[in-house]
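Same chain, two partners: chain A is paired with chain B first, then with chain C.
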Partner chain A sequence: MAASVVTITSGKGGVGKTTTSANLAVALAEDGFKVVCIDGDIGLRNLDVVLGLENRIVYDLVDVVENRCRIRQAMIRDKRLEELYLIPAAQTRDKSAISPSDMVRVCDELRNEVDYIIIDSPAGIERGFRNTIAPADLILVVTNPEVSAVRDADRIIGLVEAEEKGPAKLIINRVNPGLTKRGDMLTPEDVVELLAIELIGVIPDDENVVISTNRGQPIALDPKSKTGQAFKNISKRIQGQSVPFMQLDEKGDFLAKVAGLFRQGGD
Partner chain B sequence: MDNESLIQIKGIREGLLINAENGTWDDRKAELLRMVKQKEAFFKGARVCLDVNDTALRVKQITQLCDQLSALNVTLWAILSTSETTVNNARVLALETSLPTKKENKEKNDSNERVENNGEKAVLVNKTLRAGYRVESLDHVIIIGDVNPGAEIVSAGNIIVWGKLKGSAIAGAEGNLKAVICAMELRPTQLRIGEKVFPPQQKKGKTFPEVAYIENNECKIELWNKEKGR
Partner chain C sequence: MAAWGRSNRQSADEAKERLKLVLIHDRTDLSEDELSIMKNELLAVISRHVEIDPEMVKISMSHDGREQKLTADIPLKTARRRKIG
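Here is the complex of A and B:
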């Protein structure tokens, strides 16, 4: 089966694209799929750090594109999971080193060998963004429940539609049930209402994510973590399974409401 | 020299109008770029409007042409087309999609009563405008969908939003103070009619269809009320 290419993007920086990419890749690989992550953030790479593969980089994406190595040589295999690979970005070049057609070519070469290709997009709407959405079959837009992040997500969704790559799906990251309950944070419902696209996951705000990111151990590897579970649920939804939305707050039921909201809109 | 017929250039009030109606898009583009390069001195700094007839152009094709032309010091400011795709994509890129109507027409419109604006042209956008989109027109603008924060509408006439207006809207942009802005839900980032900027408003809870207008040089926002005869 030919692989599907999933691009994780957001517009705004710092909302959790790289963390989401790493965890989705881990979750898909745990389910037995062969997964390649591609770091599309050339010049500011960090997917390798989050995956804990930093010290094993020999060749990178630009080397592949400029034919200095074969694609196989640039694929770093994860030691924890058999079928997880990373193609890192170059640190010393910039986004103009590759073009959208280069990305399409690289992905086409990988399509027959793997099940999923996860591409981590850089922040912004320029060349780097265009590179990463060019090969995508599915685009996931990550946002935080913050007005500025939602604004940028809206812009990105518009650009994705304009490139005829839509409809994108939405991940809301760093939801704090306490704050939303007090009305001090946008609720997932507010975000979904404004952006009007299908919600594919809600990730709670969790300090363990910072810890696991710093250690290079994606939280999806931790079987006990609720946040890790949230990423695994997204991975299941990418596979086409229907998984109910997790309750973030023991008492509240707002996530169930969100699910209801998008089902209404999605029909 | 066959290719000559692919491209015709005309001088108009707003700059140059280039007709490229026939042939494949790649041929036409190549021919246009060739001509511009050949007559570099003539085209330098020119503002051009491109008529592509019914060709459906994608965003990428338009941006490519824009980039290539601007590398040659030529600004593409408008694309005329009968293809809806092309028109929508051009709007996404903030390009004009119609030539300005003649001054005389506009003055005649201005003297009309608001109520009697029957049969005037309007731009209809049948989708939600997301952040970064801009719709600009000398005609009235009608949006079926929402206008999200970060999106902008500029119209010389009225603006009607069948949805939530949360972005910015400028009606009567050419100075027509009789223009109105109405929306099913009026929670704009900014409203302007002509030169008048509406003071920011805070709204909580449920809202109703409203209309914004200028009366005696004052900004007014009222619930939509058919008894007013508007």
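Here is the complex of A and C:
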């Protein structure tokens, strides 16, 4: 099977791109797929610490592009999941060290070796963003239910369309069910209506994500975590499975399946 | 809808309304002022050919999915209503 390239992007920084990339990579690897994640944020390396692999870096993406090593040598194998690998970003270079065609070439080389390539995009709409969407088969836009994040997501979705890489799919991260219920946070339905693209996942606001990130253990590794389950559901949808969206209560726990998430009005 | 709570909505409603307007202008690169200038120019051109009542004209921005549309509703004064001579 030739790999699918999935790029995680957002426009605005700090909405949870890297956390999402790490957890989707973990969830796909847990399902038995061979997964390589690539940190596309040259100069601001992050995916390694979120995955807990920061101490094992020898070569990075720029070393691969500039032929200082073979691609295999830059792939760090995960400690926990046999089939999960990371190609880290260079820390001492900037975005201009890599071009969109370099990214396409690296991904093409990996396509016959693995099942999924997950690319973590940098914030912004400049070179780094263009590098990471160039090889993508599927683009996932991460946003939060806040005005600034939604506005930037809309801009990114438009750019993805203009590059003929669409339609992008939407992940709404950090949904706070208590605030939502009070009418003080945009609902997932509101965000979907505003952005007018297909929703692929809703992730609750969960302090355990902070704790798991502190430890370098993505929350999708925790079999009891509901937030981990939300990431696993996205991974299943990436695989083409139809997984119902879950309803959250005020503590962020799932209550029941939501049949009509996209339905407008009452039910 | 029961799922996420729809009753007693406050700041979220405001956020949504503000975003709706901002996104229209972001997507079209057209400000409220520019829209108004364009509307007047359109009316001037149309008035040269047919008789219209400027008060009845509605020109607004709407969207179908991610596609933005400029919708114009321009009632024409028909011959029946026009004065003879």
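In this text, the second predicted complex is superposed on the first by the 249 of 267 C-alpha atoms of A that agree within 3 Å, B and C clash if a C-alpha of one lies under 4 Å from a C-alpha of the other, contacts with A are read in each partner's own complex, and residues count from 1 in each chain.
Quick note on the criterion: a residue touches a chain if its C-beta (ideal position, glycine included) is under 8 Å from a C-beta of that chain, and two chains touch if they have at least 3 such contacts.
These numbers were taken from a predicted model, which means no experiment stands behind them.
A.B. asks: Thinking of the overlay built on chain A, is A:187 touched by chain B (first), by chain C (second), by both, or by neither?
C.D. replies: Touch partner of A:187: chain C, not chain B.
A.B. asks: Which holds for A:237: it touches chain B only (first), chain C only (second), both, or neither?
C.D. replies: neither
A.B. asks: Have a look and say if chain B or chain C is in touch with more residues of chain A.
C.D. replies: Comparing chain B with chain C, the partner touching more chain A residues is C.
A.B. asks: Between chain B (first) and chain C (second), which, if any, makes contact with A:196: first, second, both or neither?
C.D. replies: both
A.B. asks: Classify the contacts of A:158 with the two partner chains as first (chain B alone), second (chain C alone), both, or neither.
C.D. replies: A:158 contacts both chain B and chain C.
A.B. asks: Contacts for A:127 in the overlay, against chain B (first) and chain C (second): which applies, first, second, both or neither?
C.D. replies: Neither partner.
A.B. asks: Who does A:93 touch here: chain B (first), chain C (second), both, or neither?
C.D. replies: neither
A.B. asks: For chain A, give the residues common to its interface with chain B and its interface with chain C.
C.D. replies: Correct list for chain A: 147, 151, 154-155, 157-158, 161, 194, 196.
A.B. asks: Quick check: in the complex, which residue numbers of chain A touch chain B?
C.D. replies: Residues 147, 151-152, 154-155, 157-159, 161-164, 194, 196.
A.B. asks: List the residues on chain C that touch chain A in their complex, please.
C.D. replies: 1-13, 15-16, 18-20, 22-23, 26-27, 63, 65-66
A.B. asks: Where on chain B is chain A touching in the complex?
C.D. replies: Per the touch definition, chain B meets chain A at residues 58-60, 89, 92, 128, 130-133, 146, 148-150.
A.B. asks: Flag every residue of chain A that touches chain C in the complex, lowest number first.
C.D. replies: Going by the criterion above, the answer is residues 146-147, 150-151, 154-155, 157-158, 161, 177, 180-190, 194-197, 247-248, 258, 260-261, 263-267.
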